[in-house]
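Here subunit A shows up in two complexes: once beside subunit B, once beside subunit C.
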Partner chain A sequence: MESKEIIIETENSGWREKKDKLFFGIVVILSFITISPIALILYKLIAKGYKQINPDFFFKVAPDTLQAMTAVRNGELLPGGIANGISGTLLMVAVASVIAIPLSILIGIFLYENQGKQYANLIRSLTDILQGVPSVVLGIIAYIWIVQGITKGFSALAGSVALAIMMLPLIIRSTEETLKMLPISIKEAAAALGVPYHKIILKVMIPSGFSGLMTGILLSISRVIGETAPLMLTTLGSTAINLNITKPTSAVPLQIWEFYNNPNMIDLVWSSSLFLLGFVLTLNIIAKRISTQFN
Partner chain B sequence: MKSEKITKLILIISSVIILLIFAGMAWSMIKGAYPAFQKFGFFGFLFSTEWNPTEDHEVYGAMPFIAGTVITSVLALIICFPLAFSTSLFIAEYFRKRRIATILGTLVDLLAGVPSIVYGLWGFYTLRPIIASFGFQGQGYGIFTSGLILAIMIIPYATSISNEIITMVPNELKEAAYSLGATRLEVITSVIIPSSRSGLVAGYILALGRALGETMAVTMLIGNANIIPTGLFSPGNSMASVIANQFGEADGLKLSSLIAIGLLLFGVTAIVNAIGKIIIRKFA
Partner chain C sequence: MNENILQIQHPVLSISNLMIAYGKDKSAVREVTADVKRNAITAIMGPSGCGKSTLLRAINRMHELYPNIQTTGDILLNGESIYKMSTTRLRRKIGMVFQRPNPFPTMSIYENVIAGYDLNGSKLKKTEKDSIVESSLHDVGLFEEVKDSLNKKGNFLSGGQQQRLCIARALAFKPEVILMDEPTSALDPLSTAKIEDLLVELKKQYTIVLVTHNMSQAARISDNAMFMYLGELVEYDKTKKMFTNPADSRTEGYLTGKFG
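The block that comes next holds the complex of A and B.
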């Protein structure tokens, strides 16, 4: 590090101390302003959304406009819920996980095993860039590849592919980082005993890094579960529960978008957002818990 | 020995899939965007300010959306900087390793977990009326509202990188300054900032990369007017939001133009992210 000349005024020490205190005050105030949105958002969603949360909300599909209008006119709670969205989200995230998790763990192991090699560095850089690609662009990609190319129409599969590409870089990097933290001696011990390479991976490396891998997987799921834009381009939405991956399917964030655009359904916007946010934050907290226990 | 070769082969094949995804993405988007570039010319498309989907008079240009994206993102960065930097100093310097710093760090992480569409809703029902009540712009839509929500959304990214960088400043340097009688503020301005400058810059570049591609929250707040923004409170449209808004019913030349905008967005975010990562790698 280059040498720096540190200029410290020796006079006016009273003013220097005041300046120091003032700056500290500003830092504290700005820090609390920074985190205030999370409290304000949670408050707004809970205050406006709690009354729609009931068993119907989880087990019935969204009401049609007529039912919603009648309920609004009579001042009643909106009938129905977001079962079509919940089932669609679970379906798409499950398919995306099946595609992304095994593949990205393999790539993570590849990067770990080939530290410092040029080809591995290229893959690592591409993974980093992939992580920065906007989700809406991945929606376009899945539209071209799956909607135009395979299912010839909007489909849950297309949404899953977009989500899977989003999950890849997150799990790849967390796998590599986790493996780097494991002591190399356990791998060497297994190799010294003559354990075949694939068994070292399956029975030694993955189990000992399990909680680290789990953290990465949970965080990547929590990251994609709230994605709206790529699904708007690929799965379109559906008013009924659909479990066929080649057909248009709804998802919780897509339903939020639909409710937002329909003045009669506005009450459902808050409860479904509350549900989505609660789900994402819970996943986040579980992931953090696992990773702190691991460390 | 044979099983080892097979395992290594499987690992290499899976790494090749990343290459294939990248090549496939580039190829599919260039192919999809080609008709638009062919019709209007690459630079014609890039710099044209007209977006007219009327049949037989179709003209598409990307400039209004490029302007909208760049202005909202830069504005977000400007608003984000004092907030994120203060939070980093709070967590990584003033209250380092104390309970309150951990709590604040967790809350900032939660901010990163909030889905874009929830930010959009909150912005629509809470921020927008506040901005409208100041009377700058009738309904509160526009560049400023979008920039503000983007700033909140990128704060966690800027903060988490700055935290790491500030924590890495060697204690001896700080202690040397203290022993000369420097105050906390003087240590921050003459030791911490100079020795972590490039890392901090990289953190904000990566945060900018996030802001460029954010879709839903901006779509709900920017006003969706296909014009070059005329001022801070003017409505506009961003590259990501025009895609989200118009992709559903698009076909033919319009679809191709939207894919072309997606390609530009892909290129720009890739370059911004690559620059950020290179600076960080040099720093570390």
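The block that comes next holds the complex of A and C.
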């Protein structure tokens, strides 16, 4: 009896080992398939774009058509860079952050403090809907509100507002989730010291969840920094560096679109895309680092 | 008047007809009337859900943080109604220590002890702060252990040390009363023994109200004991008397392990 049982055991474990190996193999293959697009994209961008990455790329504005055409005919590198796009992107993201971050952190705190209440649930669903609104629609809204209503012309402000609306739902949810992850005992500790409500939130909860909030903010920035459609409708683009928020401004994704439409500037498409992807990846890595520290 | 309720001369706290309900019909504390003796440890015992934590939290109005709470009756602190004081002033006089150690994770040990002043915007000189921090940490026997790392965050401390840090944070205000909600339930036996010794030491200067699940702890360190059951204060007496000769059959049943 006993020996029979042992034989059955070994047969089973042999099959189990095979299943285990098979499963491991499938997981490896699927992981490989999953990462291959990003690897291929990076490879293509680096292979085609690295030539144009030089100091001029960061500090000079885009070349005009004649300069580009001459350079292509002589087989030289394209002159100039994307300084107008980088400065415009940084300007608009900064203004969008100033609008979106305080507002969405406040809303996030409100949702956290009103768990389970009906109006909070309503706001939460509206936030989800806002997240699903196509960015081009937000561009149209910003066009009507800001371009037609306030700046009477294409402007960086209009672009910033469109980006800010896109950032809102991301930061709201990450704020709420971060605060929910903090132990309630911290809040109680502060309340038991007689600390008034607003100071509990500002001086205890927010600092305790700081890295979580920071992660949400960085991810929302990396989400909007490559947006093209809403900017086409709002800031239009500019060939010079512009830091006036009431004037049309360039942005890196807008420039990529412009380069794409000009057969002589194709090389700049690759290098600008490489730059944009590198920027977004860096933001994502920083966000990951911060959130690992937080946990 | 319930004959099972201890009479106390010049009480520091005097609870009268206190009723607390969550929502409309779920009453947590029913008609509790009791006085709390100064410079003594008063234990509140009872099975889970008997309202002992709610009663404790009502003493510094922490129970008001829960939604839909209804409170009637009154609690006097040295003759003054706590419901007429601001919670800031009340909680300076009645400190609280929780079940799990909860030092502020973003603050150093030093900042944790002084947090009550800093978070309330008190402007103290550095020397005043230093002396408050030092004496509070001395009082909980932690100063020697952490004096070289006052500016480090408290998360490297053991559970027992963190709990003593939290007691120090409550002591920094020199409160009249310290409320403790099962302060040793998350600690190992050695840390528990240290905290119990500390409480016996602290009662020389402070009044301590202690909720505990641990009957032997109540027997070891408390002077008076309350037994609560289903929101009702069943019996309140000297601890020795209650453990040797309980007046109510429900108290006896709980203490002998028939339920709980």
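The rule is short, and it goes like this: the second predicted complex is superposed on the first by the 263 of 295 C-alpha atoms of A that agree within 3 Å, B and C clash if a C-alpha of one lies under 4 Å from a C-alpha of the other, contacts with A are read in each partner's own complex, and residues count from 1 in each chain.
Definition applied: a residue touches a chain if its C-beta (ideal position, glycine included) is under 8 Å from a C-beta of that chain, and two chains touch if they have at least 3 such contacts.
All figures in this text were calculated on a predicted structure; none of them were measured in a lab.
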- Query: Looking at the overlay, does A:P183 come into contact with subunit B only (first), subunit C only (second), both, or neither?
  - Reply: second
- Would you mind checking which one, subunit B or subunit C, touches more residues on subunit A? B
- Message: Tell me the contact category for A:V95 with respect to subunit B and subunit C: first, second, both or neither.
- Response: neither
- Query: After lining up the shared chain so the two structures overlap, which partner does A:W145 touch, if you call subunit B first and subunit C second: first, second, both or neither?
  - Reply: first
- Message: Just checking: does A:S125 make contact with subunit B only, subunit C only, both, or neither of them? Give me first, second, both or neither.
- Response: first
- Task: Give one of first, second, both or neither to describe whether A:S222 is in contact with subunit B, with subunit C, with both, or with none.
- Result: first
- So, A:P196: does it touch subunit B (first), subunit C (second), both, or neither? both
- Query: First (subunit B), second (subunit C), both or neither: which does A:V204 touch?
  - Reply: second
- Message: By the touch definition above, which subunit A residues appear in both interfaces, subunit B in one complex and subunit C in the other?
- Response: 196
- Message: Show me the residue ranges of subunit C that touch subunit A in the complex, using the header's touch definition.
- Response: 60, 62, 65, 87-92, 95-96, 98, 100, 102-106, 115-116, 119-121, 166, 169-170, 173
- Mind listing the subunit A positions that touch subunit C in their complex? 183, 185-186, 188-196, 199-200, 203-204, 207-208, 210
- Residue set of subunit A touching subunit B in the complex reads 1, 4, 6-8, 10, 16-17, 19-20, 23-24, 26-28, 30-31, 33-35, 37-38, 40-41, 44-45, 103, 106-107, 109-111, 113, 119-120, 123, 125-137, 139-141, 143-145, 165, 168, 196-198, 201, 222-223, 225-229, 232-233, 236, 253, 256-257, 260, 269, 273, 276-277, 280-281, 284, 288
- Give every residue of subunit B touching subunit A within the complex, in rising order. 3-4, 6-8, 10-12, 14-15, 17-19, 21-22, 24-25, 28-29, 32, 82-84, 86-87, 89-91, 94, 104, 106-111, 113-122, 124-126, 152, 155, 159, 173, 177, 180-186, 188, 190-191, 194-195, 206, 209-210, 212-216, 219-220, 240, 243-244, 247-248, 258-259, 262, 265-266, 269-270, 272-274, 277
